[in-house]
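The following pair of complexes shares a single chain, subunit A, combined with subunit B in the former and subunit C in the latter.
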Partner chain A sequence: MRAFLLIASGLLMVPTVPAAAHKLIDAGETVTVAKSDLTVVPAIDWNRINERPGKEAERWTLDGELLNDVLFFAEVEDGDAIFREVDKRNSPLPRFSGNMLLIDLPDFLNSSMRIAKGHQTFSVDSVAPTTFLGQPGVSVSFSTVGNDDIRRRGRAVATIIDGELFMMTFEAPTIYFFERDLPHFEQLVASARLS
Partner chain B sequence: MLLSRLFVFLGMAALLLASPVSAQERGAVRHDFDFSTLGTDTRILVFRPRIKVGEQSTGGMFEPRADWTELARENIGSALDVQRRRYGSSLIDAPEPIGEDARLVDEYLALFSAVSNSIITYQFFRGDRLETKKADNREDVFDWSLGPGVAELPGADQADYALFISTEDHYGSTGRKALQILAAVTVGVGVTSGVHSGYAALIDLKTGNILWINADFQMGGDVREADGAEKRVRQLFEDFPLPVTDGSGEQ
Partner chain C sequence: MRFWHLPLIFAAAGLIATSALADDNEFELPTWSGAYQPQDRDERGLWAMDDESERALAQSDLVIRDTALNEYVRSVLCKTVGDDRCQSVRIYILRVPAFNASMSPNGTMRVYSGLLLRVRSEAELASILGHEFAHFELRHTLRGFEAARRGSDAMAWTALLGAVAASYGGTGPSVYDTQWSILGGLYSFKRDQERDADTLGFAYMANAGYRPSAAPEVWRSVMNESDQTAIDRGRRTKRYDGVAFFASHPTSLERADKLSALANRVSGGEFDGFATHRKAMKDWVPLFLADELAMNDFGGTDYVIDRLGGEEFTADLYYAKGELYRARGNPRDMVSAANFYQNALELDPEAASAWRGLGLALLRSGKAEDGRSALQNYLERVPDAPDAPMLQMLVGEE
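So, the complex of A and B:
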């Protein structure tokens, strides 16, 4: 009986009806993201998904996360995972380490995304140096195949400041959505500042 | 004492789950699409439906069943023949794709499923609407697309529109059904057993815009049986905007 109650309460924890509505992010306004000092100024209206994907994370979308998924991770500290655990016992998420170098981030992103999003495949297509938040950073282009059989492409920009990770990612289906929405993501990245 | 409190909590949560906010729409037409442009000379390319059938484990995981999928494929194929007769020569079979074309068709059907899923979740479902989609609803805008790349689909140069169909059925395993009954009887918790999603849409083959869609996560009809598949396909074709040409006068 006790085991059954545990299962039943577990099922109830899966929200079929969200506790609160998703929030409109108005174009042209400076917005603080991921409960941090990171701000962006979107050029178009976005939706912030109510459920946070991680403790120091935030998700924005235009049409739903399956079609255009923007993630913000900010002030991720040593020992933190960037997503919420999915199956901690069998597939624990990797932890960010304050000792990581920029060159370590593509692998960290790979294993984090693969576990949290349940991708069938994740491949890093290219890694290039960039400037993010006025600091030396890294830009990662990647490709994935989801458990819905859809091929997607993605872009991530990241930097490490005083041992804390700041990263923005974008992922969308290769067909149509990636090319259509990448400029909107790049605009968000270009507007990103630390307040 | 603790147990009785837990029961109260579970009961309240069950009530919340069953609240009217789950009411939702099932169909839409693109705001700038004019039905009257569809006639007997309209050519609609019908792609082989994307069909997934399997079992839902006690924990809710999907386990594909090849035998059920094959049955559903045959049954839905026969049910589609009925619709073809109703709508006459306007519905034409897409050429059987091979090689790269087959991959492209599969990818578009998978994308169509994801777009349909997003339409249900974020525009139809009142409790979960995205704010930008609420704004669209206020202005009577329905604007979803698969993009102009649909023009590259095999046979697209011979037709005006494409008809995409996708169904996915997860039949509750014995364990899942037992959990459903036990949960209902003991703590009044609504555990769903099974997923029966179905999406059908008319796509503009030049722009990729979805002109008409019928989509629901809980459709009727057991696709493993001929009658059930016919019911499912009838449901998928509800409010299909093409005039019936079989002389029955039905719409």
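So, the complex of A and C:
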């Protein structure tokens, strides 16, 4: 019996990869993000979550992704989803289409975020023209209620260059975190370049 | 051979007579025992868990607190099960784009917005609410809980014994058989519960004067929707595991047929309540449809919109259809979308969002001038729209 228990406990000790292993991103250095030509120069230290949220995506945070979640999507091509599929059979993600207009992006983001992040609601508060990576782009302010029943606010900045999507998003709880960290996100956006 | 027939006929006649006798009482409502309190330790534990979860639910940002909508749903439930029974229920309408409703032992009823969107009449809504209330009145959750506990205890033991047996060179199959029989036992237990809840559900509907055949209709429509989702995604299997409601309610076409049979047997009323339902839902349909559109389910959502529209499409439904096709984004979809927006505008020239959709669909079809003028129409109607600055830029582009 003792031998059996030993075997059983051995089976339980399956080696696991830490779910949210991260790497420190130092302030002031030029960093290439999302396996692409996109670079940013952070003014403060950030953490990069090692697990990629999507094939062409990268996730940064200050205190954990539930409190401040910055996502980079770069060189998203026609037919790609921005996130990794969560349940392809029952709720597949929408695909980016190269002929989308900038104004179609809020709806695309709405659908992608609801399915990938499990947001229960997503409402667009404002959509305005902006300049991103030196190109005409779109800036979206939005509010969400997550499946953790937390109200969050978010900002997305995006542009489409030669049929490829480049987008940075920021999301944080309405209480405290959004206001506090929005300037840090805006700094990242302003520092973004295509090398 | 001829002699054999006579007893068979008698036997058959006897069977029919017995079932006819049973039928007389089949749909009789049980006496309502009034406010119920948990009796034993299991039940008190279950209620304590349930109270805790209701406290969280009551605080949730997903609960729709609109008075008129809540009163409407409550009125349908009260009409269905009667005022006495209805008093024991707290209804929470949740903004979740999925077909589901559930009821827990302490009297918490959860109704998803996706359910309200998908039913077309009071009778269809009553059939689902009544079915859920029947599970509650029959205290199925408790029995399910006890059976699951017994089942999982026994399963834990068989797994343990199986592992021991395997380590001593024993063979596995008999162990797996045991596991399957426990799962099977649970399953048939649930099926019994379903049958009882169906019967009682029909009793409520008949008592309230609702048309009983609305029940199999709404049931079939949810299965059809799931099929359309599958077909659109290139799948052929008829599995309904993607439907939230069916996660706790086993389903099959056979079951839908049984519901039809019950609906035919019960001496119900003729009342549907299409108009009252449409009136109560009028302001909510656009919001609930927008939630559905974000779920990226072209086939299913297309089916839902068509079923809601039936013979008589509204501007809201044409608009939603336009949004659905525009989001899929093939060149042919832009042509269809533009047509749907135009249909919406014919019914309601002031449907501002339809001007927006039309403008964007035309722009993506290469009809820049017409597109810009449609967007201009939108901006004149909604100058403070959240995306006005962006649209202004599109209109200004030459």
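We take it that the second predicted complex is superposed on the first by the 175 of 195 C-alpha atoms of A that agree within 3 Å, B and C clash if a C-alpha of one lies under 4 Å from a C-alpha of the other, contacts with A are read in each partner's own complex, and residues count from 1 in each chain.
Please note the rule applied: a contact is a pair of C-beta atoms (placed from the backbone, for glycine too) under 8 Å apart; a residue touches a chain by one contact, two chains touch by 3 or more.
Here the structure is a predicted model, which is why all the values come from computation and not from measurement.
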item	value
Partner chain(s) touched by A:67 [first = subunit B, second = subunit C, both, neither]	first
Subunit B versus subunit C as contact partner of A:111, first or second or both or neither	second
Partner chain in contact with A:151 - subunit B first, subunit C second, else both or neither	both
Partner chain(s) touched by A:23 [first = subunit B, second = subunit C, both, neither]	first
Shared contact residues on subunit A - subunit B and subunit C	4, 7-8, 149, 151
Complex contacts: residues of subunit A adjacent to subunit C	3-4, 7-8, 89-94, 97, 99-104, 106-107, 110-111, 114-115, 120-122, 124-129, 138, 145, 149, 151
List of subunit A residues in touch with subunit B within their complex	4-5, 7-9, 11-12, 16-18, 21-24, 45-47, 61-64, 66-67, 148-151, 173, 175-177, 180
List of subunit B residues in touch with subunit A within their complex	6, 10, 13-14, 16-17, 19, 21-22, 106-108, 110-111, 113-115, 117-118, 121-122, 127-132, 135, 144-149, 179, 182-183, 186-187, 189, 191, 208
Subunit A-facing residues of subunit C, complex	56, 59-62, 95-96, 163-164, 167, 233, 235, 241-242, 291, 293-297, 327, 329, 360, 363-364, 386-387, 389-391, 393-394
